[in-house]
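What follows is chain A paired twice: with chain B in the first complex and chain C in the second.
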Partner chain A sequence: MRRGKSTTSLPAVDERHLRNRQMLFLLIAPSVAAAFFITLVPVLLLVRMSLSSVSRFGRIGDNVGLRNFARLMADPLLPDIALRTALWTGSVVGGTLLIALPTALVLNRRFFGRRLAQFLVLAPWAISVTSMAVVWRRALSDEAGLLNRLAMASGLIERPVIWLGSIPASFAFEILIAILVSVPFSTVILLAGLSSIPSEISDAARLDGANAGARLGHVTLPLLRPFICVVLIFNIAYVMNSFPIIWILTQGGPANGTDILVTYLYKLAFTLGRLDEAAALSILMLGALGVLTVLMLRMLERPAHG
Partner chain B sequence: MVKRSLLSWGALLPLLALNLFPFAVVLDTIHRRGSGGDVATFWIGMWHRTEIGAALINSLGIAVSTALVSTLVALPAAYALSRWRFRGRRAASQALLGSQILAPIMLVLGLSQMVAWAGLTDTRLALIGLYSTFQIPFAIWMLRGYIDAIPVELEEAARIDGASRLQILGLIVLPLSLPAIAVTATFAFITAFNEFVLALTILRSPSNFTLPIRVNALTAGRYAVDWPDVMAAVMVASLPVMITFVWLQRYMLRGLRLSLGST
Partner chain C sequence: MARLVALLLALACMPFSSGLYGAVAADLRFTAGEYSGFTRPFLERVARDYEALHPDTHIQIEVIPWDSYLQKLTTDISSGDQPDIAIVPTMWVSDLAADGLLEPLDALATPDFKAKFIPAFLVPARVNGTLLGLPAAASARAMVVNTDLLQKAGVQAPKTWDDLFTAAKAVAALPNTYGFGLPGKEVEVDTYFYYALWSFGGEILKDGKSGLASPEAIRAATFYMSLINAKATEPSPTAHSREDVFKLFKEGRIGIVFAYPMLVPQLKAEAPDLRYAVLPFPVQTQPVTLGVTDVLTLSSSSKNQKAAWDFMQFLYGARYRAEFDHAEGLLPVTVEGAADSYYRDNPDIAAFAAGLGYARFAPTIKGWSELSEITLRSLQAMYIGQKTPTEAMTDAARQIDDVLARR
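Let's turn to the complex of A and B:
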């Protein structure tokens, strides 16, 4: 897939080789420095805070060893929140793929108004997640609003419902919104994958007598595999760290019933002022994410067959 | 073809309905506003009541700066990753993809301490710095895909004709990468324009608020929310990105496609 193999493989005179190295360093240094700065400094600060007692105003006090981690582990809310984060990530990422894949398959074929359809599928991309969440909050809390009128007109409910009043309904809607927000980007990546599959392969399979289902299962999906992996990586990263939807709709409430790890982290740090425990939670989450990332990159490495 | 078109539209219908629902809610809420005169009075009043104008200027300033800074820093690195063979190059490519998972929210506590130490709490400058840096990996990833697609033969021909490295960069690589630069900058613009968590944490004074924070402040922790105003503010907040999107959608999609091809 890559071109451009020869710049430095030309037989290089030592001096030019050296100049080349210096140039390489100059080109890359600013990005590398910035990346190190933005990750290493906050991580070191977090490590230090997680091992100290920190006042609610951010003053770092004595070293307390692992006390913050122990307190965190004793937090009765945490197991539920961790489980809910897994549920949230699993259902949003799974739901997104389940919707984006068929959508991309449909959009990949020619039909009347395909460009308009594609534009409408991608439309939520143009609106910030914040705005989307605010609009849905209005829809879900408005007794005389569009959602209640539509639901009543279609006979789903008899009286207006304040959807954000109940935990399961709130969380279900938050999952739905997160899926809707993630579908456009995922569809685009899958479309890119589909357009990279030469139509000859599918034609050959058809000539060999494979029906549509077999072509999808044995030709299209295996070839799409690397793109599905990219969708999974981007979405898992994005969804686990997705903050605005839940924060704006319910702030993790009622009674921490819709909190996921990142909203609880934010609450610990900036609402409850338990900065040291929040730092400890950040460290634990970073560790877990690191492991997850390595696993996912491995997945991407593995070839499609074998 | 007609049958297939109907089937395709039918299959997409549920998703399209869900996508259009928020737009319908916005229009419905504004339409059902109780008192408050004609359309012009409402919009002018909304503009003053919500202070959305200042937020719009803040957001535009921060987003444009982020687009410039992140693209300028990422461009040389992307070129190097595309053209040089060096040890650790593969690892660097993986790190680019892997770093996507490191979201600001994980680090937000450390970042806010860092910003406080630098004396930049409650400044727009802090946000520009943070957004630009977080955007760099994605920008490198995007630009590299594009630069990979520029044939090296062009550069080699120029070198044989006696062009210096700088000349090659300035006269061949740069002009050919302009579309890529535009697309990368657009993505950075949109990301910065819509960012929520860092802005929520770092900005304190309402005069510094960006659009997402302003919109959030209009609803969060209030007993009586003026929803028609909020919905109109949401429209204002969405307009710049919507215009960009309608205008550049084709190029953005092509850019993503190229970058994916070289992953």
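Let's turn to the complex of A and C:
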């Protein structure tokens, strides 16, 4: 960073450099402090809770070492729920990317009504996930709900269907809704990525005789890779911890059949009143997400053609 | 410049100095569950009335939906912000008492004040003989039938569970209607089972262990399953919450539901043309109903206990009590309230109140919500056909015994 000009003597540069650094520290101090208080303090409290015995209403008692983690590992429901969380995260993030990528590619082209199409795809982003879930609950669970009326009007079914009647159907709907909710944000990121790719590169590839498929596979997608990584990192973190859709539609039921880790965490803490085990579970989830994020960031830093 | 800084400092300190003055006065925080849209405005009005008489006291009312109340209370208390006064379900009292969060009321309440209450309602709020809450709301459950649908199906209102099976099947045979409304989702899934459990002679807890594996409990579970298998309930009970079932009842599409008194004002408002009757639960071995009470509690860590206790007594003014009970569809908790002709003249409410004589209550033990969740989970597994009634009940009993043994 040393860019001393010939007119300034060396010590002066050093001094300015030092002052600059002090200034930099001063400038980032508030955000570091805020980050510390917002994230680190609760995490430390959580660690303390996970190693203690905690009463129903949060009174922290004796240190019990790893007992809470051991109890958690012995919970017969947890393996299924962890697996379902992986299925949930994988399907929602995968499904989102499968829809968002072509959508972004289409929206990046120039066509009549493109602005309107962009608006329509992105508008749902402005709606809170919770209200979206409430609307879907009404659309699905009522016999005179939107979906039943549409399906009956179009002659697909003769009698109203109880859409949330079985575990597989409920979970499938929850995944679909989560995909719908995640698409706008992912499309925005990918669109930003696409617009950062100079059209000259694509034109050059065309002159070299590459067809559309080859241009997509060898030019656009590799250049888009960092943005796809960003979409994956954000979505994995959001989706894995996504509470409202499942909670509002089925509360993780029937019989824990649609529970994922975060809904079960809520039950563990507030229905079952085992705040200590809930703290342990959130530490584990935080760890898992942290590892995943670091791995994804590594991928992001690796050069596209390395 | 210095003057400016001084001015700014003075301005910044102003809220604190006024806070110092305010410390003489009492600031009270009062939380309650939301019985209906009436709860908040009513409590606000009582608080403002009290403040008018006691200008030093400021009362902050927080009305919270029942579904998230336990979570709210847990987070408040664990962050050291327990409300001074709280109306809570009686079944939370043991857990609150175990952490020493509730102030014993025996010394505060004069004999005259205690005599205001129907003695039976003071019992559930006692833990180890100590009075920890005042009865704030009471309700009993009953069966509500759609008399038009029963008539159309050519059946009488059921008196026994066998009658209920026949009637529900007959109503279900009518076009576009369901016989018996069985909620299998969200709140009170287990409660709907206890009605049958008690009626068939079973117990939730017996000698410190779960009573769900008993032959009576399995018979009750088998009976509910036979209703589902005979298509006498709404399809997929696990997709229907209690409110969903009540909605179908209001639409005139369900013949028989078990309900709380609050359903009556809702029916009058939302389905004025629906013809219904409030009746006792079907009887197998003995008449039963569930009694539910909520209690008014005082925080043991409140800095303004004297003012809080004063306001708690103020809430039991006869005028307020009657207004609250009538509007929320609750039953009286005070002797004076029970003498109100309203409970004799209004046949629907009288039918609910009739059950109070033989009402049973959910056990007041520590960790009740966990037992309730285990029962809910097993019932849902049975309703969707993952487990037979025997499997579901024995599994639930085993898990509940594990939890009880762990304490």
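Here is the rule we use: the second predicted complex is superposed on the first by the 283 of 306 C-alpha atoms of A that agree within 3 Å, B and C clash if a C-alpha of one lies under 4 Å from a C-alpha of the other, contacts with A are read in each partner's own complex, and residues count from 1 in each chain.
We take it that contacts are C-beta pairs under 8 Å (C-beta built on N, C-alpha and C of every residue); 3 or more make two chains touch, one makes a residue touch a chain.
Keep in mind it's a predicted model, so treat the numbers as computed, not measured.
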| item | value |
| --- | --- |
| Which of chain B and chain C A:267 touches, first, second, both or neither | second |
| Contacts of A:20 with chain B and chain C, given as first, second, both or neither | first |
| First (chain B), second (chain C), both or neither touched by A:162 | second |
| Touching partner for A:258 - first (chain B), second (chain C), both, neither | neither |
| First (chain B), second (chain C), both or neither touched by A:58 | both |
| Touching partner for A:275 - first (chain B), second (chain C), both, neither | both |
| Which of chain B and chain C A:124 touches, first, second, both or neither | first |
| Partner chain in contact with A:114 - chain B first, chain C second, else both or neither | first |
| Partner contacting more residues of chain A (chain B vs chain C) | B |
| Partner chain in contact with A:68 - chain B first, chain C second, else both or neither | neither |
| Residues of chain A at both interfaces, chain B in one complex, chain C in the other | 58, 251, 266, 269-270, 275 |
| Complex interface listing, chain B residues touching chain A | 1-2, 4-5, 8-9, 11-12, 15-16, 18-22, 24-26, 28-29, 32, 73-74, 76-77, 79-86, 94, 97-103, 105-111, 113-114, 116, 130, 132-134, 136-137, 140, 148-152, 155-156, 165, 193-194, 196-197, 201, 211-212, 215-216, 219-220, 227, 230-231, 234, 237-238, 241-242, 244-246, 249, 253, 256-257, 260-263 |
| Residues of chain A defined as touching chain B within the complex | 1-9, 20, 23-24, 26-28, 30-32, 34-35, 37-39, 41-46, 49, 58, 99, 102-103, 106-107, 109-114, 117, 119-132, 134-139, 142, 144-147, 176, 180, 183, 188-189, 191-193, 195-196, 226-227, 230, 233-234, 236-238, 240-241, 243-244, 247-248, 251, 262, 265-266, 269-270, 275, 278-279, 282, 285-286, 289, 292-294, 297, 300 |
| Chain C - residues contacting chain A, complex | 70-71, 73-75, 77-79, 95-96, 98-99, 101, 184-186, 235-236, 238-240, 244, 248, 366-367, 369-370, 373, 376-378, 380-381, 383-384, 386 |
| Chain C-facing residues of chain A, complex | 55-59, 141, 143, 162-167, 170, 250-251, 253-257, 266-267, 269-275 |
